[in-house]
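The first chain written gets the first letter, and so on, giving A, B, C, D, E and F; residue counts start at 1 in each chain.
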Amino acid sequence: MDNLVFINVVYVFAAALFIFGLKLLGHPATARKGNILSGIAMLVAIIVTLMDQNIVSYGWIIVSVLAGSVVGIYVSQKVEMTGMPELVSLFNGVGGLASAAVATAAIVASDLSSGIATISVIALIIGAVTFSGSFVAWGKLSERISGKPIVFHLQAIANYGLIAATILFSSLYVMDPSSITFVYVVIALALIIGVMVVLPIGGADMPVVISLLNSYSGLAACAAGFALENNLLIVAGALVGASGIILTNIMCKAMNRSLINVLTSGFQEVVTNDVVVEGEIKPIITEDAFYVFEAAQSILVIPGYGMAVAQAQHAMKELQELLEKNDAEVVYGIHPVAGRMPGHMNVLLAEADVSYDLLLEMDEVNSRMENFDIAIVIGANDVVNPAARELKGSPIYGMPVINADLAKNVFVIKRSMSSGFAGVENPLFFKDNTRMIFGDAKEVISNIVRQFND
Amino acid sequence: MDNLVFINVVYVFAAALFIFGLKLLGHPATARKGNILSGIAMLVAIIVTLMDQNIVSYGWIIVSVLAGSVVGIYVSQKVEMTGMPELVSLFNGVGGLASAAVATAAIVASDLSSGIATISVIALIIGAVTFSGSFVAWGKLSERISGKPIVFHLQAIANYGLIAATILFSSLYVMDPSSITFVYVVIALALIIGVMVVLPIGGADMPVVISLLNSYSGLAACAAGFALENNLLIVAGALVGASGIILTNIMCKAMNRSLINVLTSGFQEVVTNDVVVEGEIKPIITEDAFYVFEAAQSILVIPGYGMAVAQAQHAMKELQELLEKNDAEVVYGIHPVAGRMPGHMNVLLAEADVSYDLLLEMDEVNSRMENFDIAIVIGANDVVNPAARELKGSPIYGMPVINADLAKNVFVIKRSMSSGFAGVENPLFFKDNTRMIFGDAKEVISNIVRQFND
Amino acid sequence: MITIYLLFILMLAIFLGFELIQKVPATLHTPLMSGANAISGITILAAIVLAGNDSSTAATVLGVIGVFCATVNVVGGYLVTDRMLAMFKKK
Amino acid sequence: MITIYLLFILMLAIFLGFELIQKVPATLHTPLMSGANAISGITILAAIVLAGNDSSTAATVLGVIGVFCATVNVVGGYLVTDRMLAMFKKK
Amino acid sequence: MMTTIAFPKDRKQDEKRCALMPSNLKAYSLLGLEIIIESGLGEDIFISDEAYEAAGATVLPRDNTLAAGDIVITVNKLPLSDIKICKPKACLISFLDPFNELDYLTSLSGSGQTSISVEMIPRSSRCQKMDALSSQASLAGYSMVSIGMQQLNTIFPMMMTPSGTIKSAKVFVIGAGVAGLQAIATAKRLGATVTAFDTRPVVAEQVKSLGGKFLEIDLGQTAQTEQGYATELTSEQMAIQQAAQAACIADSDIVITTAQLFGRKPPRLINKETIGKMKPGSVIVDMAAENGGNVEGSIPGKTVLEQNVYIIGNGNWPCMVAKDASQMYANNMLNLISEFADKETNTVNLDLNDDILQSCVITHSGNIVNSVIRKHHNIDTETNA
Amino acid sequence: MMTTIAFPKDRKQDEKRCALMPSNLKAYSLLGLEIIIESGLGEDIFISDEAYEAAGATVLPRDNTLAAGDIVITVNKLPLSDIKICKPKACLISFLDPFNELDYLTSLSGSGQTSISVEMIPRSSRCQKMDALSSQASLAGYSMVSIGMQQLNTIFPMMMTPSGTIKSAKVFVIGAGVAGLQAIATAKRLGATVTAFDTRPVVAEQVKSLGGKFLEIDLGQTAQTEQGYATELTSEQMAIQQAAQAACIADSDIVITTAQLFGRKPPRLINKETIGKMKPGSVIVDMAAENGGNVEGSIPGKTVLEQNVYIIGNGNWPCMVAKDASQMYANNMLNLISEFADKETNTVNLDLNDDILQSCVITHSGNIVNSVIRKHHNIDTETNA
């Protein structure tokens, strides 16, 4: 078997490993194995590539691989866990740079056919955009650049102009593949586009941007693969590109954003907004809440009148059992006036056969509130309203409440933002550690139960 | 763009359509659309194939396509719905024959390189096995051949012999691709293998066999694709091959069979069994039960002591609500001595807040038993034991029971085959219209509830 | 080298086949089988080329047989699948 | 014709990419992104060939840059992903 | 000749139940039987003579009723004076307490009528619908909780309120047969924390199926009869049980004892010492008080305060829900009669060879014929055939 | 000077509740207050003087207790004779029924002490923990079901048994305030089929949240006060309500009426005609019997049989579960005192300008000072400042 065939057969094998690896990466239990598998695939691919007959000198390769490895190992071991997203964006930028370099190399090395030239310049553009965009994202995440959307007048027009120019110069190059100068212009333009597209996006949306740029860097590799007729680049690149898009979409959904909206921030005219909202409502869908539930070790359930209205007690009992099976501690914090009659919650929870031992009084749970990983507020409102503590003049000021807001995470399940019996706003819903799950309490909890069972 | 390139670009498009089609076929809501999509893909592929420059005369093609279409349309419109599985096996056999013919054509047309020869003969063998196997399966399903496993002494040895011979003659041919005679021997052997492998499998397992043979016919097409370097054949064939294997596996699980066991029936020594069982226990998994539940219009729930032990009343209430949302009528038939104390079922169902209106007495449900699509027996045993009506001398003879066995379908949820309070066997479990769902009542019902929610 | 590409394609298609059919409800087992079976009639492409090719009578005859059989498989398969699926009420 | 094969491969790989990532728990979003990012360092293969090739200095230099960057991406990416995943307790 | 069934009113003090409901009359008339009732039969449960008449019964004064019946059905046994008025060949059906009332039985056999003791109806599947012992015991279980709830000065359920948390009442049920299980279910419904104990180990699962806790006591070997009744414990076992229960009793707000031994005196389960350990104001309900009592110091028909613990020995528990109790008893009787009624001839044929009647007929044509009862009272088998 | 709180025993007939539990003493002593109780304070709920003493209270005879208290707390109002014994500057806290007891108030103001009426404590969020009206009403809801259950001659839950099917009892609750809701919950727990009605439309959801049915009656506009109390209906509305309820009442086995109007006589909801339509043996529990009654013919403190329907007008419902009632009331009082206690000086400062006290202090230094009460009794505002 000749060398090239051997390399390619191994590539088939490596591609299969990548596919497996990516598949396993998507499931919590196997994710680590998946990563290792894909790492092995990469190693195998690199080793056989070294056998390529086109390679004449190994010196630079070895030097640069070693240097790159050292940097990679050092950075990856040094970084704090909290700095992960930044690091990923850095790596991503570097990856984009690599693709851009490869594409440029292909372009400068020889006059290309117009097909290959097109693909090469596409690879180059994508790589460059990924590179500069990722670095801006990194800056925003590490707060080297302001996390606020940076916008200016006419930015939409400027951006359209940039894109038009890029297309123009790219075409000029493709029409005459020897006119390398145009390529440099294209590189510059692509770098600027990367910056311009990411700048107007807010810091909170950065993970989505990174995921998208990550998908781009896959596409860049894929394009490079086309240019160099390398199957593995195509397969791996396409895999990353496609899965990256899906992942981006999933992340958008989880953050209740629209992908289109995030991406086109740079193309929307600036709207200034003077309203100052203290804190922000952060809705979340049950699917995402579930993963937090699953990881929690100690859980406090705070039921209120809404649980009674929804008759969610049976569902809650089921969830409790599942959480307990998952080795979490679950207790109920019963506020003395939760519901609409003394002992309202007791009646319901007894009906659902929740053990009396698990029902704790307000004072008991308040004294250990900080230790709860999650407080689940089910259709309660007034009884968890921190305004009773904080807001003099509120009609409920002075009423003792369950301090749900002091738990590590708070999930509030209710149907809307409407107020409770006392008719007052609840600042809890706007706290940083609070997530709102909107919906009928019974349905929401049944939903989470279902996730547990899947 | 030259012809070949155009054809292949369309093939890429057709392949994508096939993939989409197959994906949609897997979901009840979109299945029909999926089938149409894949049909369109096929049509497109056929049309562009006709542009192939190798085709010089269209006469025979048109004739045979027309003839095939007429037969296909006629048969598919004539067949009774109950005859579907037979028909599928017939089509499958015909498809196998087509692959075998193509492979043979490739073999007889020219001396092949040993690689292509190997692949061609593999395509041939698979096609031939599919053909004869499918026909035997068809015979079994349509009861032209006995549905019982047909076995004889030494069959295992005979089958091993056949396989060895096939390999031998195939190798002889591959070593000398001009020695076509060997190919005929191989064809004959493959046909016999198809028959031998399917004969010892019981009629009830035929769907699994057909699904597997279907997967084979995909592989045959795939192999033919390799032989002829046709991408679309490879893609479509591999898709069918892979999805067929998965489907076969799913079906095996649904029927509580092991794939390996079904396939190797022909290679196991014959065990004769003299025990005569009247009727047969038909266990079913919740996934399959679900579809019957979903289709049912009127449902009778017969709870017994097992519901109390499992504390399944809350789950049952949830299922009731889902069934009602699905426009079914749900009532409970309460036997006066169900459970272990008077009113035991009432206590539990009241706890789960099942409306009293839905609780019917034994006589009420017995008088309309034939009208229930399903009777769900939850952990009841003695109170639905037809022996009380039928079996003089049984300790419970003469006790009035709920005649669950007279409902159209009966699902019995219990953990095992063990008997109830009275300690007597229950012929209900062996009736034709009874399916046993083994498991803890609460878990089983929660499971069905989950299916409803997905 | 062509074989390499074919191998790549094969590998990817097999993976895709596995991924596509993950959770199929029991009611769809038969239609899915039947639909997949219709797809496996894809051999018709090869058969058409053989049948229209003048290289040898034997090959032509076999090709014609192939086209006929495959057509039955394809046409009948799609139609029968469609009939089955038409019976399911929409959820 | 080679392009055709490449197209086939691309099409299948994209489909596969879509199919593989269907339901990913939120906790895995970041590791998955990071893991995929490491895979996108596959450009290293092309870069290696370019860097080892003597055709032109420019290409070699670019290739070396490419190898360096891609190595950082690959090595760092895999290691970081692994660190993240190591934090999840096994179920 | 048509069979006539007579329903005289029960004369036992405070008895409100009766053996016939107007709703039964249709079924009786379909069987072709004639029904005669004593005037005022249902007055204690607010059923007027007119209601019975409207449904088809004949209302007569007591003596005429007694004299007319081929079958005479009551809840409690008829006074001997009444029996003399009955037809000499009449069949008398009621609770007879045959294990304890030998004198009565002897007199009864002397007057020659056939008598059926409903507590002796076997507990076979076929007889469940006639099983008055179970139907009345089940209601007794409910009533005992009801009266305990009334007597206790705290509420049953837990309540967490702005005025403090009220703990749930602890209820301990000893003996988890038919009555005990119903008591568990009722107390549990009300939100009490319920624990139960029984000597028959099969009961543990049944208790749990009602949401109660089962107190595990290792008594070694215990048994139950074919009909599901418990057998008597040895005195060592009894001692173990008492010791093991003591802590649970002391901790309980209400203790309900339902332990019975078929054909024997009920076991003594709680002594004064244990009562002394209970919280002041606690309540004990002794189901068996009338037959000897599970609890030391319980007085039949009374509620007494002993060491600051109320001991309720009222007895006749089903009578607290007399209407339902009557309905169930009346249905049991109807089912019994139906079993032996002949629609063609409009008669009831009491075939003494039938399994059921063999178990429950006590006296017949001048003799005590029931073998179990004969054995129990050591009546020499040879004296009468 | 340390404030002394005195707890004399209630003298009202059949009252078993008290305003202090031993468990409260720790909290009082942390506030630095001295507690004096009358000997026998808790005897009716089986709490001995020793138990109080052990917890830190001083036990004295009645007169000494009364004389010692800066604050005197009871459940029911002190007899006027006792008030004379109290310190002239003492503060008396109890239920005072200020809307109906003008004579008493006048005498009280005459003797110069400050008096607090616990029913006048506002129903703000801050005061829920002192809200004795709610805490006692809630227990009343439970007790009314308990006594209804006792009186009814059938069981509450449905039961399908071999002896026939027993239908569930139908319970109709009129007025679903605090007491009514608890009654609904309790009856529902026992398995009854519960329907409820209230004039305040917001209540419908609350009833359903407890599993009850709400009887929809279109009364047109109805209202509730800021504190959640119902306003009175017009006479037309009243007529509509009565007509619409009649069918539901006739169909019910137990009717529980809890309708109250704050500061007014309770509305008359059921007349004799409607009672006549009920099934014989049914039960009506009239919570308001003592204050005039929701039901025609109900007699305070008695159970009467009217047209074969039992009308229970016992009153003092919380007293049926006196121990829990005492505990809740005692907690309410503790919370009230804590609100005004000064830990530094060990005194209780009743600042009459405080919102809460403005609502609930009735008499002070010789005058009736409460504006609501003054208005109610048309006391000319100019007479006293």
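Keep in mind that, in the parts below, a residue touches a chain if its C-beta (ideal position, glycine included) is under 8 Å from a C-beta of that chain, and two chains touch if they have at least 3 such contacts.
Small disclaimer: the values here were computed from a predicted structure and weren't measured.
Asks: Could you work out which chain's C-alpha centre is the most distant one from the centre of subunit F?
Replies: Checked the centroid distances; the maximum from subunit F is C.
Asks: Would you kindly state whether over half or under half of the residue numbers at the subunit E/subunit F interface are used by both copies, giving same or different?
Replies: same
Asks: Please indicate which chain is farthest from subunit A, where distance is taken between mean Cα coordinates of the chains.
Replies: The most remote chain is E.
Asks: Report which interface contains more C-beta contacts, comparing A-F against A-C.
Replies: Between A-C and A-F, contacts are more numerous in A-F.
Asks: Express in whole angstrom the distance between the two chain centres, defined as the mean CA positions of subunit B and subunit F.
Replies: The computed centroid separation for subunit B versus subunit F comes out at 69 Å.
Asks: Could you tell me the distance, in whole angstrom, between the mean C-alpha positions of subunit E and subunit F?
Replies: Each chain reduced to its C-alpha mean, subunit E and subunit F end up 40 Å apart.
Asks: If you average the CA atoms of subunit D and of subunit E, how many Å lie between those two points?
Replies: Distance between chain centres: 81 Å.
Asks: So which bits of subunit D are touching at least two other chains?
Replies: In subunit D, residues 2-3, 5-6, 8-9, 12-13, 15-16, 19-20 touch at least two other chains, as defined above.
Asks: What residues in subunit E touch two or more of the other chains?
Replies: In subunit E, 128-129, 134-135, 138, 157, 159, 161-163, 166, 189, 191, 211 touch at least two other chains.
Asks: Mind pulling the residue numbers of subunit A that touch at least two other chains?
Replies: 19, 23, 231, 235, 311, 336-337, 342-343, 347, 350-351, 353
Asks: Can you work out from the touch definition every pair of chains that touches here?
Replies: Result for touching pairs of chains: A-B, A-C, A-D, A-E, A-F, B-C, B-D, B-E, B-F, C-D, E-F.
Asks: Residues of subunit E touching subunit B in their complex?
Replies: 124-126, 128-129, 134-135, 138, 178, 181-182, 185, 189, 205-206, 208-211
Asks: Using the touch rule from the top, collect the residues of subunit B that touch subunit A in their complex.
Replies: By the definition above, subunit B touches subunit A via 311, 314, 317-318, 351-353, 446-447, 450, 453-454.
Asks: List the residues on subunit D that touch subunit B in their complex, please.
Replies: These residues of subunit D touch subunit B: 1, 3-5, 7-8, 11-12, 15, 19.
Asks: Touching subunit D in the complex: which residues of subunit A?
Replies: Interface residues on the subunit A side: 18-19, 21-23, 25-29, 31-32, 34-36, 38-39, 42, 45-46, 49-50, 52, 54-58, 60-61, 63-65, 67-69, 71-73, 75-77, 79, 81, 84-85, 87-88, 91-92, 94-95, 97-99, 101-102, 104-106, 108-110, 115, 207, 210-211, 214-215, 217-218, 220-222, 224-226, 228-247, 250-251, 254, 287-288, 290-291, 295.
Asks: Quick one: which bits of subunit D touch subunit A in the complex? Just the residue numbers, please.
Replies: Answer in residue numbers: 2-3, 6, 9-10, 13-18, 20-56, 58-60, 62-88, 90-91.
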